[in-house]
Amino acid sequence: MTTLETRLRRDRGRKLLMPYLTGGVTPDWTDHLRAIADAGADAIEVGIPFSDPTLDGVTIQEASDAALARGASTDGVLADLSRNRIEVPVVVSTYANLALRRGADRFCRALAEAGVQGLIVPDLPLEEAGATSAAARAANVDLALLASPATPPLRLREIAERSRGFVYAVSLMGTTGERRQLAASAAALARRLRGVTDRPVFLGFGISTPAQAAVAARDADGVIVGAALMRRLLDGADPASTAGFVRSLRRALDGVPARTSADAGG
Amino acid sequence: MEALALRDPSAAPVAGRFGRHGGRFVPEPLIAACEEVEAAFTEAWADAGFRSDLAWLLSRYAGRPTPLTPALRLSAELGVTVLLKREDLTHTGSHKINNVLGQALLARRMGKRRLIAETGAGMHGVATATAGALLGLPVTVFMGERDIERQAHNVFRMRLLGAQVVPVRSGSRTLKDATSEAMRHWVSATEDAYYCVGSVIGPHPYPWLVRELQAVIGQEARHQCAEQLSAGTPDQVVACVGGGSNAAGTFAGFVETPARLVGVEAAGGAGAALGEVGVLHGFQSLFLQDEQGQIREAHSVAAGLDYPGVGPEHAHLRDLGRAEYVTATDQEALAAAVRLARAEGIVPAIESAHALAWVVRAAGTTDLPTGSSVLVTLSGRGDKDIATLMAYLGDEEAR
Amino acid sequence: MEALALRDPSAAPVAGRFGRHGGRFVPEPLIAACEEVEAAFTEAWADAGFRSDLAWLLSRYAGRPTPLTPALRLSAELGVTVLLKREDLTHTGSHKINNVLGQALLARRMGKRRLIAETGAGMHGVATATAGALLGLPVTVFMGERDIERQAHNVFRMRLLGAQVVPVRSGSRTLKDATSEAMRHWVSATEDAYYCVGSVIGPHPYPWLVRELQAVIGQEARHQCAEQLSAGTPDQVVACVGGGSNAAGTFAGFVETPARLVGVEAAGGAGAALGEVGVLHGFQSLFLQDEQGQIREAHSVAAGLDYPGVGPEHAHLRDLGRAEYVTATDQEALAAAVRLARAEGIVPAIESAHALAWVVRAAGTTDLPTGSSVLVTLSGRGDKDIATLMAYLGDEEAR
Amino acid sequence: MTTLETRLRRDRGRKLLMPYLTGGVTPDWTDHLRAIADAGADAIEVGIPFSDPTLDGVTIQEASDAALARGASTDGVLADLSRNRIEVPVVVSTYANLALRRGADRFCRALAEAGVQGLIVPDLPLEEAGATSAAARAANVDLALLASPATPPLRLREIAERSRGFVYAVSLMGTTGERRQLAASAAALARRLRGVTDRPVFLGFGISTPAQAAVAARDADGVIVGAALMRRLLDGADPASTAGFVRSLRRALDGVPARTSADAGG
């Protein structure tokens, strides 16, 4: 069992929280990283910005652009992470090209060397994930796979099986970004996933408020909150206020019983 | 085995691969949609009824077959026999209509209720708007803001045809970003909407599907060459390459012949000639990128070639050495467009003019020896480019 | 005897007459030039070699035959079977190319060293510039200043093709004045220059010659109707009428059938529908004029229909009752253009949209009863008119 | 023999002068008419302005436009002529449509009633002139036909034969309007015409100066001067100055021997 798996266990007794942060988005991004870690995150997803974030909505596109404009790069973000080790596990997310460009093996080793424990590559679906998956395993990095509301049952099972660390349940058919309401598809997907795997199931995409996080957590083991946090950061929030937002999410999640009927699956 | 997809054009490439390229690098929410398109097209393409509906539209509506015109004056000037495959004469004015009619029929067969598309030069957008109007399917076209400015003519055409044109303000505000935005929109609309991809790019099955639909160019040209050339086939077959659909469609007719295949990219958007292996927009191929893997912005006066990558089949043909990829500069393309206008009375799209520019440059060299014959696909007409060409001419004459 | 020219389409009308119309009302200095053209064309037209050169260019270069497209959605909406003869798909985008290729070949055969032409919408100018480039003959195009403004797209195209466009500042600064100016120029250049008239107007032999060259539209359509319609021929045959060349060419294929022939003029340029007998530009026909005989200025949003007269053959067909001439307003034409764009994915020239506008208006009335079939010649594509159509659409949507 | 024929005889002992004036071009155009008549004209060509003067260059186009803008019409010009009878014969010139519009018969009768003795219709060539020719004869108006440098010999003979009053020799292939030099084709055409007819041969088109008039008159019986006169008038010349210009032409012509070797033909 990897460290990530140890930390993100279903049975940790509370709903899990994974805030998302674009690496290099501001000069003080590692201050945010630390503040968020201290505010009750169970893991942090750190995005390595890519020029063409095809699965991201406007907010994270803007964050990526800002980071790239500041000169952010894979090497830079990893160096920052290396210098700013935090107690909470870090999961890097990025697009396939950045991983494949240097070769999956080298890329995964570089992650591990920077203390990164997990990896999300949204445009590497099951069929294309083979080599990266092997490389990650060799580097002791968990490659988490994504499932979506449109994923049919057999495929869902295979995704859950081959996913490492956790399973990323894309709550809706759409891009990242804040939404007024939690998608109706979220609960059903989380339930379906929990019915086929023991790995923790994280709902992500569109979870924008503590209230939505709480609703999402009824059916999932944890939530990922990205755009809502990044919007605050892009609007000028300092590390104390991003941490404040994360704390409010933490509180909302802590109000949800950690073991619910959701275990029965969907 | 590698080139299988080319030898038997109607078979889908194994796992969507062209050699090491291609694939389906899409986020999980799009997997089912891609599979649905693949299944539907595989079935439709094997259905004589679908093929005859398409053939009907291509001939009765879109003006196929297009002529193969010998460029007599240009040939005399260059010392090589230049044959022009006249996609500029199709309805809407470019080869894009071949692809779009097939996909729109497919969308209807799949029960989709609307079409989405990305566009660069606007020709694919106009073609999609056209097919949508024809089949009664609403159309949304994503187009980079910069392209909206420089291809205003086509933006007006799309709107006239009833399509909604959505300006894309991210990144380089050109084709690359329009494609990203179309994919983002598609994710949220797979149920309802059919994504009508405009070139041999995107996740499997698109590079194969679009190649199949464009193969009509090469098939016709092959027959026409057999009639018009004493040698039966041309020595060289040349087409411009943006994503690579007109080239792929042309090459499909000649890949089994001894003809040399040449794809001409814009010097500032030369994925095949200058790119490196990467993944974008759902497929692996050759892309302009920095050492870190960030995609570089393409820069070309031809909005339709202003794309940093190239379809996976072209990357594969380059790997195999079966096709070569060269470049032409903005200046060369503009000069070639004016030259064709004045020698043959044909104003080509600036995209197509890249193919001609290479022919003009290469004629008489070992690359294209005097006395040889060359088929050039004129992918489209230059109406959309008149303002750009006039500005260029003004500058030239001012010199 | 009166309709002789129509029954045997290859015979020149007696003394250049269509009934009481036609003739050769030119100043003496042009008589020899007209006779020279008449003799040369009569001989060329009887020469299989000339005809096959022309046929070669029409198919290999200009994209003939053009399809006959059933307008399925529009037909369903209107309750009549609408078939569109697709001249918009020819090279350069209108039927004018049919005429011009023939005349340019003739000019070369006559040893002329350059071409002159008048133009209204610019389509004839573009076609002449094209033929000139193709055959290596310099081209001078006379165009009214007002038309230069509203058809800027085509002015650019002509210049790109290497033609000289001469602005005409007299009179209404439209087609009528461009024609006068072309004739003035021709007088001074008959030795060197061939005057490539753009419609079935002008002194004998032009109305006959141009009709002969445009008859390919009707001949093709006749065969296509025989294939596509169970009745073999359409009930009605409709075309827009400026000078009347696309209509004359279309009618030529159907004059012997029972089909009703309908020419649609611009309401503000309705020589045939509203004009009176007169003489202008070398021929007698019907012209808009005041009681004193001063020619009235035409006013139409369609530059190609903005002419106060009509070709003599049409005046004659009206005299005979064999064809009817009706009008459509600017608004009706613009609305019909947008309607066709949205129902069929075809953006027609505003000129052609007049023919459609009448069909739209008449469908379901005794003029065009439900269930009947109608062939409409789409004389050209709307690329030149995009700005006008957008402005109209903006106004409509603002309402 | 019509009056015109009497007045424009070859053997009048001097070279003949026919100035051209656009009817209605200015409010005082009949003052010009009279002044010109008194300045030594042998006949005056009065143009009835037409909307589309296809054989005229810019000057006479401008004059026509000015006249039409002032409301000039066939009826108006003829009424003016009727009220301002002059001793010198008047030859009306106009385009076919104005004649045919009211019917050749009515048109010619109206001319005669206004005292007009001749008619020129440049766009009524031989083939189309039949009806108008008959109508003119019936009204005792001379319809003069035009010959051009491109007219072949047999046709030239027929034109000369069917022309009445005089033969109008179009000196060049071109429109009306001033030219720097007399066209080379002028002399040859005049000589050819004089070789086939006894009627007076007038050279017109492009004769712009007294010197040119004198050169032209060496081979012709007379000259017609239009644009050069009309340019002066459009530039604001008063009747005295147009008359002055006509007098200078008269003087130049009077310097040319009236019976020269030109009679030998070309």
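Residue numbering begins at 1 within each chain, and the chains themselves are lettered A, B, C and D in the order written.
Methods note: contacts are C-beta pairs under 8 Å (C-beta built on N, C-alpha and C of every residue); 3 or more make two chains touch, one makes a residue touch a chain.
Nothing here was measured: the structure is a model prediction, and the numbers come from that model.
Visitor: Just to be sure I understand the contacts, which chains border both chain C and chain B?
Guide: Where chain B and chain C might share a partner, there is none at all.
Visitor: Any idea how many Å lie between the Cα centroids of chain A and chain D?
Guide: Chain centroid spacing, chain A to chain D, equals 97 Å.
Visitor: Once you find the CA centre of chain A and the CA centre of chain B, what distance in Å lies between them?
Guide: 37
Visitor: How many angstrom between the C-alpha centroids of chain C and chain A?
Guide: The computed centroid separation for chain A versus chain C comes out at 67 Å.
Visitor: Do you know which chain A residues sit against two or more other chains?
Guide: Chain A, residues with two or more chain partners: not present.
Visitor: If we use the touch criterion from the header, which chain pairs count as touching?
Guide: All touching pairs, sorted by chain label, are A-B, B-C, C-D.
Visitor: Can you name the residues of chain C that touch chain D in the complex?
Guide: Residues 15, 23-29, 31-33, 170-171, 176-177, 180, 183-184, 187-191, 277-282, 284, 287, 289, 291-295 of chain C touch chain D in their complex.
Visitor: Which of the residues in chain A come into contact with chain B in the complex?
Guide: Touching chain B: residues 50-57, 61, 65, 68, 73-75, 95-102, 122-128, 145-152, 155, 159, 170, 172-175 of chain A.
Visitor: Which of the residues in chain B end up touching chain C in this complex?
Guide: 59-61, 63, 66-70, 73, 86, 88-93, 129-134, 136, 153, 156-157, 159-162, 338, 341-347, 382-383, 386-387, 389-390, 393
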